[in-house]
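Handing you a structure now.
Labels run A, B and C following the written order; every chain starts at residue 1.
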């Protein structure tokens, strides 16, 4: 068997090993889980180191000042390890403060426009007059839902006044309809991911066609051993 | 009482029976295809239009911002989008903000082979693959400011980006005519809008998994995102628009069977629930 | 407490680094300041890379004692450690040694081990969502009924058979997506945006310290 073919066999085995979990937790699925955690972590580290090397070679090694800054950054990044020390935990807070500070600063400057002002502007710009009746209705419903949902979340206290009751009720109903749409799309994603795996198992191009050859045998062996072992245990009792 | 027990039993159906039925309805259409037509919606049309309307010579940045878990939906979207881009006289710069992105981009490029006909695109001139930048939103901001410093070398040959003709026209987000992002979550659309749309007004289109579709709706309605392909159904629609059938169209039948069976399960579950209550 | 252990130091660092990004964005300060600001963003990315290695350390802290003390499932832990190091070493950026992200064996492992495992693990959710829908997705109240109806319409909208049998379902599904769904998500976005701004301002003022918690 060539290495490439063995690779496809591995892919089929790991795919089916994960799905044996549907029968019940078993050594195959457990093995798959542990291999996944190990592989994913190792993979992430490899990519990080590659990017770091690229940064050093391509950018920071050009001048002495930059080189010092890069080494300092690396030293600071080592301080992340003090996450696990109670005594030196204060050192871990330094790289954390640098990354949190920068990312909060970056997010803060964008969030005002993208998530607040632009969205308020887009809602306020909706026309209810001077457009056709259907658009006017849709725009009115949109504005109503936005305002009521915002009120529902913002004024969570002191809503005893009779005025709030219909507002809250409307917001709740609108949210349920909206979340229904989200639910429909969630179903799509869940199915699609599994469909992707089935396409792999059946060797539908661009997946390797050889997978189709391994699929029934590996499935038989995995299921057979699991069911067989359970039957053996049952009869032994 | 006896009928109540039947409904109770039906309600408490062994989950493994449901799993088995799902396996069957997802496997069967691949063995016996039905070939149902897929109607095309306005979202896929808007997405395709954004690419069609790009002026010749524009720089398009394509970012692979998804995990391997999103392959089922986003692989067909990525293949179809890059095919569409490679058939147009535009320059394509491929990057990744998610660590799983580069190998996926590599898979897509291996399938399409941009150097060969019908595309005949030259690496480094018409397209380039720059690889991954860690840091999420911070990385997006850094790329927006300065591509050369944030990704100093390319992914395949580890050569300085300054040596490639395509990169002479790309220093910052200001030079980008369109951003295409394939996404499974955060960082994704929110962060791109904050770091690329707000300061540089870079037009953006998004291919995303279905789960993300509801959250990008306000950006679509507000015009910050020009078009979106939310999930596998939209992937099939887009493949039909551009005339290259791939895994999206191949999944159309199985989408039908899996979704219809899902609805049937919901209906049966509800009937069992109401009948049990009634017979009590 | 020694002065260098005080929590005020990281708070001050956070504020300084956040302000470096915020102030020149709103106040014109010239290209020189912008260049420094840009460099600091990239510098902080380098500092941030160490965080992933913490993931490695925490996995080792959990799994190495399991192996050395032969605890339950220690064999699996050993596999985890071996695979983790194998993957990281094969991907080291030394192409001259045959290693690296585009190296044969690194690619072999992610193609045939990581990709199948990662996508299959997500794929298993298809089964759980179906069985959960069968058990729990019921019209117990008006709210639940609305969720159920709207959800079912969208499920049918995404199935080619649904739009083939009932063509109107496409328009209805798109309306649900573009109007109620968009509107509630916009409200959530505005609310979330305001919340993020308040959080950011609290950090800038030094009131928000949750992220620094831990230690002695």
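Worth a mention:
Note that a residue touches a chain if its C-beta (ideal position, glycine included) is under 8 Å from a C-beta of that chain, and two chains touch if they have at least 3 such contacts.
Note that the structure is a prediction, hence the values are computed from the model and not measured.
Set against one another, A-C and B-C show the most C-beta pairs in contact at A-C. Chain centres defined as mean CA positions place A nearest to the mean of all protein CA atoms.
Chain centre most remote from that of chain C: B (centre = mean of CA atoms). In terms of their C-alpha centroids, the spacing between chain A and chain B amounts to 14 Å. Separation between the centroids of chain A and chain C, computed from CA atoms only, is 5 Å.
Note: centroid distance chain B to chain C, computed from Cα atoms, is 17 Å. Counting partner chains per residue, chain B shows two or more touched chains at residues 19, 22, 69-72, 102, 131, 133-134, 138, 141, 149, 158, 199, 210, 213-214, 218, 221-222, 231-233, 255, 258-259, 262.
Under the contact definition stated at the top, the residues of chain A that touch 2 or more other chains are 22, 43-44, 47-48, 50-51, 54-55, 59, 99, 102-103, 106-107, 109, 111, 114-115, 119, 122, 178, 181-182, 185-188, 191, 193-194, 196-197.
In chain C, the positions touching at least two other chains are 25, 39, 41-42, 44, 48-49, 52, 101, 110-111, 114-115, 118-119, 121-123, 126-127, 133, 148, 152, 155, 157-158, 177-178, 181-182, 185-186, 189. Residue ranges of chain C in contact with chain B, taken from their complex: 25, 34, 38-39, 41-42, 44-45, 48-49, 52, 95, 101-102, 107, 110-111, 114-115, 118-119, 121-123, 126-127, 130-131, 133-135, 137-139, 148, 152, 155-164, 167, 170, 174, 177-178, 181-182, 185-186, 189. Residues 3, 7-8, 10-12, 14-15, 18-19, 21-22, 30-55, 59-60, 69-70, 73-74, 76-81, 83-84, 86-87, 89-90, 92-109, 111-112, 114-116, 119-120, 122-123, 138, 141-147, 149-150, 153-154, 172-188, 190-191, 193-194, 196-197, 200 of chain A touch chain C in their complex. Within the complex formed with chain A, the chain C residues making contact are 4-7, 9-11, 13-22, 25-26, 39-44, 46-59, 61, 73, 76-77, 79-93, 100-101, 106, 108-129, 133, 142-144, 146-155, 157-158, 173, 175-194, 196-197, 199-200, 203, 211-212, 214-216. Chain B meets chain A in the complex at residues 16, 19, 22, 26-27, 30, 69-73, 75, 79, 99, 102, 107, 111, 131-134, 136-138, 141, 149, 151-153, 158, 160-161, 190-191, 193-195, 197-199, 209-211, 213-214, 218, 221-224, 230-233, 247, 250-251, 254-255, 258-259, 262.
Remark: chain B residues 11, 13, 15, 18-19, 22, 36-39, 41-43, 67-72, 100, 102-103, 106, 131, 133-135, 138-139, 141-142, 145-146, 149-150, 155-156, 158, 199, 210, 213-215, 217-218, 220-222, 231-233, 236, 252-253, 255-263, 265-266, 268-270, 273 touch chain C in the complex.
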